[in-house]
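There are two complexes below, and they share chain A, which is joined by chain B in the first and by chain C in the second.
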Partner chain A sequence: MAEGNGFEGFRALDRKFDLMFLASALFLVIAGMQVTLTLWSGDWDFWSDWKDRQWWPPIAASVNLVVPAALQYIAWSQLRLPLGATFAAVAVALATWLTRVVNMWGWAYFPIPFVWPATFIPQALLLDCTLMWTRSFLLTSILGGLLWGALFYPINWVLLAPFVQPVEYYGQVMAVADVQGFQYVRTQTPEYARLIEKGALRAFVEEITVVVAFFSGFVSLVAYWFGHLIGRYVCWPIPVFLKRM
Partner chain B sequence: MGQLSRAATGVAVVLGVLAAWSARTEAHGEAAQDAFVRTRTVAFYDVQVAGTEINSGETVAITGKFFLLQEWPSGADKPGLMFLTVAAPGPVMLVQERWINGVFTPGSVALRQGEEYEFMLTLRGRRPGRYHVHPMLSIQGIGPLLGPGTWITISGGSSFENPLTLWNGETIDLETFTLPRIIIWHVSVLALGLSWLMYWIAQPILRRSRWITSEAGDRLITKRDQMVSIGLGLLTVTAIIVGVLTTRASYPHTIPHQVIKS
Partner chain C sequence: MTRGVAGPRGGESREVINGRNWLVALAAVLGLLFTAAMALRVWQQLFAWSAGLDSTSPEFATYWMPVFWTELALLGVVAAVWWGWAGFIPCGTCEAQRASSGGVKPGHELSHIATLWIYTTVGTFSAFMQLAFFGEQDATWHQVAIRDTALTPSHIPLFYFWFPLLIITSVATFLYGRTRLPHIYRDHGYALPMLLMIGGIFSLFLWVAVNEFFHSFWQTEERFSAPLHWGFVIFFYVGGAVIFSIWFQTLPGIYELIGQLQAEPGETGARGRTP
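Up next is the complex of A and B:
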């Protein structure tokens, strides 16, 4: 595309602007994603004993789709780049690991196996690929949004499974994560504040994860359009600016 | 350069004076709680700490009683669920055991006003240092209420293990449990994400906006782009399937998190 378009002489300058743009975008996206994650799904993402199958998938998956969806719209509509969601997921992964290692392990002394973060990168890749293949935000919201929510739990199950192995602790049946929550002192997080699925006979039915996956996918579909509209609102001046140029 | 060094010296002097002048904060602000909450809700008494100097890995028991006052302050919510723990500067000590009236109490409990409860907390030293530790009763609707504080000194090296025996007989160390697995999975998916980003970032970025506005945007996605996306998409799906199947094989017995509220 670059040949014969009149921009060859400005290639070096182009790349400098590109890098400056990406570096600036990285910090903005990190801020947006971190604020969303911390405010809306903070405890579910911070602690292994909050990562249940009823609340964690729909909440963490849906609220953390808002910024990727907005960024996906901006990157696709203004630059025809199918990387908005992946950019957001990678940015938040890097920032989250930094805060977990420096803040939660280094300063607050929590072991990393108690405070590991969830990942959104595989879902983001599929979301971007869906947009690229379909070239339609409607189809992307239906297919990609559903995949984003439905795949959240299986993808993070790889990390979670060891922590929901059973333990007999002083005569009580607990998961490994429950013991972590019991032992590692969180002065400002009393146990009754833990909003997770309550143990009951129903809790031992495996099919619940399938139901939650679909529900999580549906909520993510709605969240996708919320993020999409934010993207539209944020970037409406860009084409106006470019036309004036 | 001279100005810069003078400014740096000035800042260092001010910070040094502040550091020397400021009093150290060495408690949990228990006296800062509202008096009506502190004096008219929970009364801790007969609190004893069995040893205030321990080595890392050794245990210390805090025993005592607390009484939930009948005359509850009208400005505070009536007591709901409660959670007995300790106020400490982070997990410098582990809560090994928690007993109320001789019953092991892993979660939250509903206790009655006007009754006395005996408690025992067994703590295990984790991080060397000198710490101010309180028994603490968090009450839903009220917040944390502190008992009398004690200084506990933990000696020893920085290495610490926290063994736990699973139901299948395997013993794990909660300090490092599955750390390599966590890192490998995160690095793997990060590599996938970075590959996708690098592929696109290697191409011009801002210049593409020109073609969007000139109605030639559809030609910006090439066949090579499509092939790369199919390859990376398949790789991602394969990684998910392999990850889930191997996890299922490695950890066949799992249970939901247990919420114990009685």
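Up next is the complex of A and C:
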């Protein structure tokens, strides 16, 4: 069959399926990333006063590696495209900013400087580049996973720095983020429900941020394999059907 | 989505596939869903603070309960019509082509695959609205207004529109696949990705009940990373990840059908030559 008489050609037909797949996959990836971010790291990403040194790096970094790791497996093993993690990180960045602006600020009137989301794009780029260079999921999990967790706090430091500046508030020294938290009381604000940098030996160790970075890296390494196994076994029919092609 | 043109000797018609129609249909469907999302969001903006804080108030009964009942009624009708058409009314074109030539023409089958992909897009958009946009919005609302019932300005669109719509879409996709693409989704038994999709997505709705149960008796505040929310993530992994499988399950068919179309002789009678 030749082009003409209303027929646009086979390459164009291929592209139609590509566009339909991209549109649909974008929504699916956003849903997966944001449900993980919202329900597994939730408050640690919602509020600036929850972005501490104790829980925010290990929890937010590791749980938000699950879906990128799964997508990285699918994109690399089946399509040889080193962009699964970056696609997921960009998708969630678009979606979280949309919901923070439209819902948190537009509906509930929380200020954006209080509810800004963390970014995962630089870590995702590093993760995909690591896979592209090493061509090994094992080395990517070790090197890329460690980098993902360890660099989470430094990369987001650019966003966080203004809110950890010290202020004196009612005679107490605290961070700007703490003051924001007192101004915007939430249903999880009672002390029994808050999990912000608690510990009997709070910040006893010097260079605690470095210690946390290493811990986040190791937790992220484990989370990488959790996501990788989801991609491998929940999406198991993919390689079966691709082999028929 | 297909039309015929005269053949080389003015004989039987050839199929002409216009994929642009698929994109137009996809855009129309997404436009409709986006309009619904915006309508609900605007309603929330207008009436959540003024009439949505107390479910026992007359204002709540005036502005929010009608939305709730309308959603349920509308989705009931959509489910009945969509499932009935997809599952019990066979494709007339497929039957006519089988009767005349023994099989479905490749272009028509491609249009069925494209339609199946549009169905999954309805599902993924519903998932985006459910788990991303209106899901995080629910977190937002319940940080400022403790729930008094399961019917709140954030729950009414989320649990009673987007959640059911995703379930309806997943079942419709399953039925459409079995009736319009039987050699992929029926002749070899039940397709496991389809069953996982329906099971996982339906389990999401079951977890809504678990969520409200725990919130009502144990945890009224909205610490969003609490264990009572974790089931949503797990069941979405099960029900959502397999949508990749459904797409990839049709890929061999797409390539094969396009190959068959390419192999059809052109108007000169020779393979692939421009008229």
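By definition in this document, the second predicted complex is superposed on the first by the 220 of 245 C-alpha atoms of A that agree within 3 Å, B and C clash if a C-alpha of one lies under 4 Å from a C-alpha of the other, contacts with A are read in each partner's own complex, and residues count from 1 in each chain.
Here, a residue touches a chain if its C-beta (ideal position, glycine included) is under 8 Å from a C-beta of that chain, and two chains touch if they have at least 3 such contacts.
Computed from a prediction, not measured in an experiment: that's the story for all the values here.
Colleague: For A:59, using the defined touch cut-off, is the partner it touches chain B, chain C, both, or neither? Pick first, second, both or neither.
Modeller: Touch status of A:59: second partner only.
Colleague: Just checking: does A:128 make contact with chain B only, chain C only, both, or neither of them? Give me first, second, both or neither.
Modeller: The first partner, chain B, only.
Colleague: Given the touch rule stated above, what does A:21 touch, chain B (first), chain C (second), both, or neither?
Modeller: both
Colleague: Quick one: is A:166 in contact with chain B, with chain C, with both, or with neither? Answer first, second, both or neither.
Modeller: first
Colleague: Let me test your reading of the model: by the given contact rule, A:83 touches which partner, first (chain B), second (chain C), both or neither?
Modeller: The first partner, chain B, only.
Colleague: Counting only touches as set out at the top, which of chain B and chain C does A:196 meet: first, second, both, neither?
Modeller: A:196 contacts chain B only, not chain C.
Colleague: Check the contacts made with chain A and report whether chain B or chain C touches more of its residues.
Modeller: Touching more of chain A: B.
Colleague: For A:188, using the defined touch cut-off, is the partner it touches chain B, chain C, both, or neither? Pick first, second, both or neither.
Modeller: both
Colleague: Under the stated touch criterion, which partner chain does A:110 make contact with: chain B (first), chain C (second), both, or neither?
Modeller: both
Colleague: Which chain A residues are contacted by chain C in one complex and by chain B in the other?
Modeller: Shared contact residues on chain A (touching chain B in one complex, chain C in the other): 1-2, 5, 7, 14-15, 17, 21, 78, 108, 110, 186-188, 190, 238, 242.
Colleague: Quick check on the complex: what are the chain A residues that touch chain B?
Modeller: 1-2, 5, 7, 11, 14-15, 17-18, 21-22, 49, 51-53, 77-83, 86-87, 89-90, 93-94, 97, 108-114, 116-117, 119, 121-122, 124-126, 128-129, 132-133, 151, 154-155, 157-159, 161-180, 182-188, 190-192, 194, 196-199, 203-204, 238-239, 242-243
Colleague: If we count contacts the way the header does, which residues on chain C are in touch with chain A in the complex?
Modeller: For this pair, the touching residues of chain C are 3, 5, 14-20, 22-23, 26, 30, 41, 44-45, 48, 110, 114, 117-118, 120-121, 124-125, 127-128, 130-133, 135-137, 139-144, 146, 192-193, 196, 220-226, 229-230, 232-233, 236-238, 240-245, 247-249, 251-252, 254-255, 258, 261-262, 264, 266-267, 272-275.
Colleague: Mind pulling up the chain B residues that touch chain A in the complex?
Modeller: So the residues of chain B touching chain A come out as 80-83, 85-88, 90-98, 104, 106-108, 126-127, 136, 138, 140, 144, 162, 164-168, 172, 174-179, 181-182, 185-186, 189-190, 192-194, 196-197, 200-201, 204-213, 217, 219-221, 225-226, 229-230, 232-233, 236-237, 239-240, 243-244, 246-248, 250-251, 253-261.
Colleague: Under the stated contact criterion, what part of chain A meets chain C in this complex?
Modeller: Chain A reaches chain C through residues 1-8, 10, 12-17, 19-21, 23-25, 27-28, 30-36, 38-44, 46, 59, 70, 74, 78, 95-96, 98-99, 102-104, 106-108, 110, 186-188, 190, 193, 195, 230-231, 234-238, 241-242, 244-245.
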